[in-house]
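Step one of this worksheet: look at the structure below.
Letters are used for the chains, namely A, B and C, taken in the order the chains are written, and counting of residues starts over at 1 for each.
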């Protein structure tokens, strides 16, 4: 039955006698190949080796830095509106001319002179983003002119839609356009129409307005001193502020709003969980430590809180705090999250404490006469810390979500105070025409939630030191 | 090649990947089994005895597992088989009994269903016939009220009853080899005894071989024909059961025996414990694995792994330098 | 009968919980500074008296609470403050079915999708399908539902433009076509959660001893999956279905708002904005009771499915 293959050693190589000498003295009985490391060190090592965790940590740190330190670097008022730059996409600094609108004073002579060249039909007298002025060669027999404005180039006459303006034929046929002009090419299409609505003549002219800002707006936005005479300012150049992430529908800088909104969102997202995780840990710890009837009653209470419809009660607290429609209910939101959020942590910690109580080292400490406080501090707390840290990390994204959700439906942070949720609420209205207004705050929320979730995952993995090696 | 042996394991190596690298759980284990006999694989937990058997049957479901060596069952190498080929052996020709009967049964299906499963699969039985056969098997395994047990769930049975049911399940398709992995460890003493009786009785009536994995020398003495002692992923001693108990050769085997309570002990006599702990199998020591804990350790033990030498007394082999032919010569020189 | 004992135990605790919700709602609303009628413009003392009498505000706190609880128990939620001729029951009866239908479809999407994706991810553990599914899950969990709602609306518009006809409505309420996208969006978060859970649960089952037993019996991996893994992995999912339904019904606010669906959630938000006290209270208690009922139902289903509860009347923590 026994396989003899392994037995015996080549006799040729005789083994030196001295090798058979017994080992002397005190010997190390354990053969230790790896240095032994402590629990926290172990956790930290595992965490450090998790690449996703490190990336998540960097993202979280950057977001916090962005919100806390950002406003010092980017000194733009998040509430400052700018009529001239509403719903802008991301833009850098731009030079603009300060202009002032007055009624169009023109001379027939100048018109005649510009029409001297027979090749020219349309003349652009002014073209800036405050006003565009054109005149064109009059058409014999026309009673009126239909002027269309297109941003898609020279369109066929059936694709132009409704006319921008319908102008009675005069000696100087002309148009002044002040309707929401931006820095892009516009093609003006002019139809000369007779009394039977027949199109006699069609002109088209492409215009590229230069960037301009009205004196009033410049003064309102503090770009030029208010006391300066209009004549001194008019025609001067001016640098308009950059908007790296664009502006919203009121012309407010989105980057600045994201920073200030981040302060609100992250504050709620971190503060509320911090309080309720701590309270839950205390509550659950006491219930688990005392055990028996106290434990039963305390956990029954926690069950009731869990059964409350969470979001509805979040909103009820708003009513309780007498937050009027349109007001920010940050404190109401905080209190509600704390009051309603603690039971899950309480359950978790209670479970841990109950388990720990059964463990031999705690029993031993009790038998040795250690006081409860000592047992809690030395044995319970270090063992519960992992669970606490993990549940805190997971509570943060859900709090950020809750804030965003409530602000989004208009029952959280209200304008003008920005939060990422309320910015989404603003952005969704212009989603179709200017998607960036929704996208940036949505990305901020998602990034924060994602990073905290990944961080939580990594922490959970790091704290769980059980490894699936089969028993031999 | 027609072999007389039912199972021949040759230089089996198993390395399990973990976060910190590969654990060299089994480091070249060889043994063989004859039909109708019982071989006991003995060692403390973590020594690789379960791992070697489970790896052989492809039961370790770990990605990146490294396997080497051969395990010929009825002439065919189990390690070279595809999963589909293995499935015609597992359950049909090799039955397996696990340590903890409660966790080894699916909690949401009845005992009968779980026994019948193998019969339907390997013998092509109809569900109803298989359930009837399951009842008969439970009866054969001396389980009371077998007809009721068939429709009961695992949690409704005691540990001892479940272990009987598990033996019935392992025997369902009439295997040539029954592998029992610590079959009595999770049971109380009286139940242990009944289960061991049952296994012996079934072995006699069915003529099968049993590969018994255990750490309990009392069980070994009672059940085994041959014994293989494992330590730190290696076989350290192999012998017939009588030889092993009358002349234990390897210091580990001897230490193990001193650490086991036995009939001739005097009241108050302390049990010897083995000082220290087994080596870390991430990085096995260069010499004999038992060297740090051995009372007889020599200089050679620290840096050279001993082979399996034929024991000077008794008929077995032992992985110890003290059994090397040069050892006695050295002793003579040293004593002089 | 262990099962009956289990069910009756759950029923009693359910009734208690509903009572607690109703009481909590009552006192939260009672502590509201000022009184509900202070918003009424230019109310003459007589009219004010009449109104107070009509809403029972002239009685003592104890009496008010008693009237409130007894009428709640009868299923009478009172009359709306802002729409004087509508009872809260009418409002709930009119708007809740819409929310419920949307929610039911969302729960269906979430469970079917979650179980499917989770099982696939677990079966292809650590290979690319697993990676892709888990990446999608973590992304879904991290993006707020209103962003999905907005994006899906955007997509519908683009799709309709591309096709040249309206395949799916962008908003509004009506037939099945109106429900499809909102329900999908509504169920998305829960689907991701269930996918994650199903994967973990399948892996846990796959690592259990009885799966090793099944392998030792010679069952193929597909047979093991069908007969042992799948069923046992789905069981714990049932236990979180109660909270999942809760998340979906309350999450309905946003979807109803964006897709302009006339559900109870949208109505609740409006009621809070208009401070319509009776509607707020009625809806809160109604939702609370509904959720408790759902959790109860899920518990009972779990009891029927799990033999451990069916035969012994006890089981592992059923609520998540």
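In this text, a residue touches a chain if its C-beta (ideal position, glycine included) is under 8 Å from a C-beta of that chain, and two chains touch if they have at least 3 such contacts.
Note that this is a predicted model, so its numbers are computed, not measured.
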Number of steps on the shortest touching-chain route linking chain A and chain C: 1
From chain B, the most remote chain by mean C-alpha position: A
Centre-most chain [mean C-alpha coordinates]: C
For chain A paired with chain C, centre-to-centre distance based on mean C-alpha positions, whole Å: 27
Chain B-chain C separation of Cα centroids, rounded to whole Å: 53
Distance from chain B to chain A - Cα centre to Cα centre, in angstrom: 60
Interface hub residues of chain B, defined as touching at least two other chains: 54
Residue numbers of chain A (touch at least two other chains): 468
Shared-contact residues (touching 2 or more other chains) in chain C: 207
Contacting residues of chain C [partner chain B, same complex]: 126, 206-210, 212-221, 223, 227-228, 231-232, 235, 306-308, 311-312
Touch list for chain A against partner chain B, complex: 1-9, 11, 14-15, 17-23, 27-34, 46, 467-472
Touching residues on chain B, where the partner in the complex is chain A: 5, 8, 10, 16, 18-20, 23, 25, 30-34, 37, 39, 43, 45-51, 54, 60, 62, 225-226, 230, 233, 238-240, 275-277, 279-280, 282-283, 285, 291-293, 296-302, 307-310, 316-317, 321, 324-327, 329-331, 333-334
Parts of chain B lying in touch with chain C, wherever the complex brings them together: 54, 57-59, 61, 63, 83-84, 86-92, 95-96, 98, 100, 103-109, 114, 117-118, 121-122, 153, 155-156, 166, 169-170
In the complex with chain A, residue positions of chain C that touch it: 17, 20-21, 24-25, 28-29, 31-34, 138-139, 141-147, 150, 153-154, 157, 207, 246, 250-251, 253-254, 257-258, 268-269, 272-275, 277, 280, 283-284, 287-288, 291-292, 295, 319
